[in-house]
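Shared between the two complexes below is chain A, which pairs with chain B and chain C, respectively.
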Partner chain A sequence: MAASAADFRTRLQDWLPKLVLAPSFAVTLLFVYGFILFTVVLSFTGSKMLPRFDWVGFANYEKLFALPAWHTAIVNIAIFATLYIVICTVVGLMLAIFLDQKIRGEGVLRPIYLYPMALSFIVTGTAWKWFLDPGIGLERIMHQWGWESFSFTWIKDGEMALYTIVIAAVWQTSGFVMAMFLAGLRGIDNEILKAAQIDGASNWQLYRRIVIPLLRPAFLSAFVILSHLAIKSYDLVIALTGGGPGRATEMPATFMYSYTFTRNQMGIGASSAVIMLMTIAAIMVPYLYAELREKKA
Partner chain B sequence: MKVLSITAFLLATASHALAEPSVEVMHFWTSGGEAAALSAVRDKVVAGGVAWADAPVAGGGGDAAKTALQARIASGNPPAAMLMLGQNIIDWANEGLLGNVDAIAAAEGWDAALPQAVQDFTKVDGHYVSAPTNVHRTDMIWASKAAFDKIGAAYPTTWDELNALAPRFLEAGIIPLAHGGQAWQEAYMFEAVALGVGGADFYRRALIELDDATLRGPEMVAVFTQMAQLRGMVDANFPGRDWNLASAMVINGEAAMQIMGDWAKGEFTNAGKVPGDDYACIPVPKAQGDGFVYLVNSLSFFTQTDPDLITGQQVLASAIMDPAVQVAFNQAKGAIPARTDIDLSAMDACAQATSAALASNDAGGTAVPTFAGTHAANAAVVGAATDAITAFFNSDMTAEDAAASLADAIAAAR
Partner chain C sequence: MSAVSQDTAVSTGRVTRAFLYLVLLLFALFYLLPLYVMAINSVKPLDEITGGNMMALPSQWTLAPWRSAWSTAQIGVEPTGLRPYFLNSILMVVPAVAISTIIGALNGYVLTKWRFRGDTWVFGLMLFSCFIPFQIVLIPMAVVLGKLGLAGSVPGLVLVHVVYGIGFTTLYFRNYYASFPTELVRAAMIDGAGFFAIFWRILLPVSGPIAVVSVIWQFTNIWNDFLFGVSFGGTSQPMTVALNNLVQSSTGVKEYNVHFAGAILAALPTLFVYIVAGRYFVRGLMAGSVKG
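On to the complex of A and B.
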């Protein structure tokens, strides 16, 4: 009796984690990987308004890459993602290092930098749209304060509008990156730093040779999070510029939505989604592979 | 894709049979005037003993509703009635998903009551799959009387007059043309100019038949040349502006004119402005005979098997076409009734003039369906053309290049 009860508990302990995880595993399998597969299948069909399963081979991909709008979208995402990831990382790291100098009031400053992350991209986009609009925002205020020659019309300029999206996105996320780096900095053993200082390392050498290399896991997390935020940037673009002026700030995500759902070209929309997935996989998989393998070794 | 399927799943599990005659109406009329308009129909339906299930999907000028509809269809649970535009109705009918209300239409004499223009987008293969609530005219200019009085000018009736006004307004410190720089608004402006400069025949060849030679031809270059003139009349701050903010500029007298469909009238009415005294609604100038660009709003009926739901659809169809409902609906919405055989004395001067213009243009064969509103061509073609049009309007591209890129875009999307 006692033996079988113990046996049951052991078995339960063995099974319980699997049992608890099963629903979320099944849901993820179906709604993430299942629909990735569904999208891949759709991208090879002539689906227009509704999913249809007439095989057309690579015709959608050929059409996709013949579209000027898709080229604009690809160039835009390349510029946007590069600037966004680099600037966010640099700004986040600097803020973290400055906050880590055992300054007074850190408890107040940290949430201030972190709060933009609590806003949705729609709110960020709308607020920055108003702020950057020359007729109602920054430019008008400057004129009213007497700086008549002040001009900041990027959001109305097809060449520069993309950079306003970078500004808004960096504002939103760099505080979050800061928090990740700050956690990393707090995890560094003080003994190592003291030892280096005794050996006569300058502050600059300390950070360059010891601190930043030790932050490698934080860099990995920041990169993974920022790059997926960049490639799925949809709401921010819609709220801030609506893809305009003209189609100057079209992104792959906005392209995918409009072709799939408003232009009745589901096949082309699906193929653009597949290209987006493959692009992100091409960047992330080697990076993750290299990073995670090293840790094991 | 993911969102779509989840929505479909939730909607499928949430649906259940109703025991009394009922009609579920899916729509995107959520603004004040639009909701008031729809309630005129609802009151009539409820008075007919049918329960009304409202299914509004706000946002995106109907794009969001369309996505929701796709999910409902995918889950095998289409709504009884759905607000749809132009070619979408024909596409859904061709998918075999639309039922019809032919019995009601025959009994109430819809054929005689509706102009051909409206029948083209409610009657597919001889069946009434859709009941029209209203017609919008999209080739309209909304002009500020105060601005025109200030420079002592008359409202323009030709393109030359309109173009000559621009420098005079600028001199008086008035923006000649209020414009919202969003792609769809530029598409509506384009179709108004295409009909105004090229005429109804050209419009049909270029934007309905999508004839490549016409799209590249000298007439299209002339259309873009006029578009370039308009490009020079807007203020620097136009990109991204919402259309109702552009209307507000005309209402305040900050700008002289706006080219926009007659849904803009609602903004003027809400601001307490009176046509004739405060503003004028004038058709866009026509260089080649008369013309009228129309957009039909209608509720389409998805095939149902439950007799209660079929009854609900028939009561709804009859309510929509009721003359009193048509007038009440359009007073609230700012459009004109789809029927051209009813008394409009209760409506304002703009609506009466537009309704008379629809009847005469319909008889004269110069009423053409809206391109931007996906009546003249399907969503894929209109989307591609809109890309080319908005690229032109937001750059200093030449008219020749614009015509070529428009033709290329349309050829690629067909």
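On to the complex of A and C.
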């Protein structure tokens, strides 16, 4: 009797860790992978306002890629993601390198660069929407300060509105990229730099040949995080331009939402979500795989 | 060349240094500009914005836009101000952050100190869930919340945020606990301590720094979320959705000063957390996640 009770307790102890982890794992399987499967299935059905399960093959994908709105969304995300990632990386790296030169007041500057990261994209969008509005914002300010010919109407201009989203998005995240690079810079052994200096390397050479190559992991993390944020970008577009003027700033995220929930084209909405997932997976899966393998070794 | 310092060994001349400071200051102005614009225009009467200069200080200071944004502004069809939505956000964020952090801590403990065959796969599958575009789960989530009777409610939003938050919290705690000496856990096991006793007495007391990271991360993400709020919020919409409704409203005069006051109200909780605990966030990240 006592023996079997003790036996039960040890067996419970063996199972307890797995029991504790099991609900999270089950929830992940269901709410992430089950849901992904559900959306993939829907993308092959003729669902309109509600899910239904009439198989239509690749019809939704064919319709999707024939739609001008999706074409606009793809072109926009390509331009936006490229500019956003490149500018954030350049600005972040530059600020990190500059801040790393024994700057007085670093403790004041760093939080100023970083605080936008704490804000919601809706707040960021609101601030920039009115600041860039020609009627009350930047253009008018310049006119009142005496620069009568100044013109800045990007946010109202179908050709240029996309670039206002780049400005606001860079404003929000470049400080965060700076922090990642700064952490990387602070981790570099000074002895290497001193040795190179004794060998007569100039500052420029020092950074180009030694420091920047050593920052490779920070570049990789920055790229992964920024591309992930770019593809998901929904709130900022909604708050800043609402996808307009017209449909000029349509993105895959806004396209998916409007086709699924307001235009009642759920099948097409689901297929656009699948394309978004595959794009992100193509970036994330190799990265996560490499990270987890490295840690195992 | 004197003392060893943490900073770079690169030496710079006077002109270069002046240039560095200039660039750094210009960027500081760029980052501060929208905050200045919001703050200064939220305490101005509307005609000073539409008829004056956005960069100028108010000639007549007023708190009326703040009062309006908080309690009387038109949000959607109701003139309730942002107050009820602020409460929705609080009611959503507090349980969601607490639950996801506790679950993350337990998961991290199991995945590092009670390892089993295939645990890296389990973790990998949970980790990937942090990076999916949430568009891929919107439709089934709407169906499931409807079936559970949680559509358009605060508990429904809590559920959504917990489900999609545990990947990150597990990641933080796993990486942090990985550097905790497993020998101490072994020793406690030999002394007869059970699963929860070890967690409670040995790991939890040293979890402060990473708990701060997890709480700040979850708080910021959940408070700032818009997509889930607008999709599943129904009559319990969070602050971000209400702010967007206020700003995008197409009826009546655009009250820019009220919009700015509302935007600051929506930003205050996360800004407050960032100012109070931001330094611990960076420090905690250094202690755990980076060096996994």
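FYI, the second predicted complex is superposed on the first by the 257 of 297 C-alpha atoms of A that agree within 3 Å, B and C clash if a C-alpha of one lies under 4 Å from a C-alpha of the other, contacts with A are read in each partner's own complex, and residues count from 1 in each chain.
Assume contacts are C-beta pairs under 8 Å (C-beta built on N, C-alpha and C of every residue); 3 or more make two chains touch, one makes a residue touch a chain.
All figures in this text were calculated on a predicted structure; none of them were measured in a lab.
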| item | value |
| --- | --- |
| When chain B and chain C are modelled together on chain A, clash or fit | clash |
| Which of chain B and chain C A:Val274 touches, first, second, both or neither | second |
| When both partners are placed on the shared chain, which of chain B and chain C touches more of chain A | C |
| Which superposed partner A:Ile155 touches (first chain B, second chain C, both, neither) | first |
| First (chain B), second (chain C), both or neither touched by A:Arg247 | first |
| First, second, both or neither for A:Lys129, with chain B first and chain C second | both |
| Which of chain B and chain C A:Phe35 touches, first, second, both or neither | both |
| Which superposed partner A:Lys18 touches (first chain B, second chain C, both, neither) | second |
| Contacts of A:Pro51 with chain B and chain C, given as first, second, both or neither | both |
| Chain B versus chain C as contact partner of A:Ala69, first or second or both or neither | first |
| Touching partner for A:Ser258 - first (chain B), second (chain C), both, neither | first |
| Shared contact residues on chain A - chain B and chain C | 31-32, 35, 38-39, 42, 51, 129, 242, 260-261, 270, 273 |
| List of chain B residues in touch with chain A within their complex | 1-2, 5-6, 60, 63, 66-67, 70, 73-74, 91-92, 95, 181-183, 236-240, 378-380, 383-384, 387, 390-391, 393-395, 409, 412-413 |
| Sites on chain A touched by chain B in the complex | 31-32, 35, 38-39, 42, 48-51, 63, 66-69, 129, 133-135, 153, 155-156, 158, 161, 241-248, 258-265, 270, 273 |
| Residue ranges of chain A touching chain C (in the complex, touch as defined) | 13, 16-18, 20-21, 23-25, 27-29, 31-36, 38-39, 42, 51, 91, 94-95, 98-103, 109, 111-124, 126-131, 136-137, 140-141, 144-145, 171, 175, 179, 183, 185-186, 188, 190, 193-194, 197, 203, 206-207, 228, 231-232, 234-235, 238-239, 242, 252-253, 256-257, 260-261, 266, 269-270, 272-274, 276-277, 280-281, 284-285, 288-289, 292, 295-296 |
| Footprint of chain A on chain C - complex, ascending | 4-12, 17, 20-21, 23-24, 27-28, 30-35, 37-38, 41, 49-50, 53-55, 103, 106-107, 110-111, 114, 116, 120, 122-129, 131-141, 143-144, 163-164, 166-167, 170, 178, 194-196, 220, 223-224, 226-227, 231, 240, 243-244, 247-248, 256, 259-260, 262-264, 266-267, 270-271, 273-275, 278, 282, 286, 290, 292 |
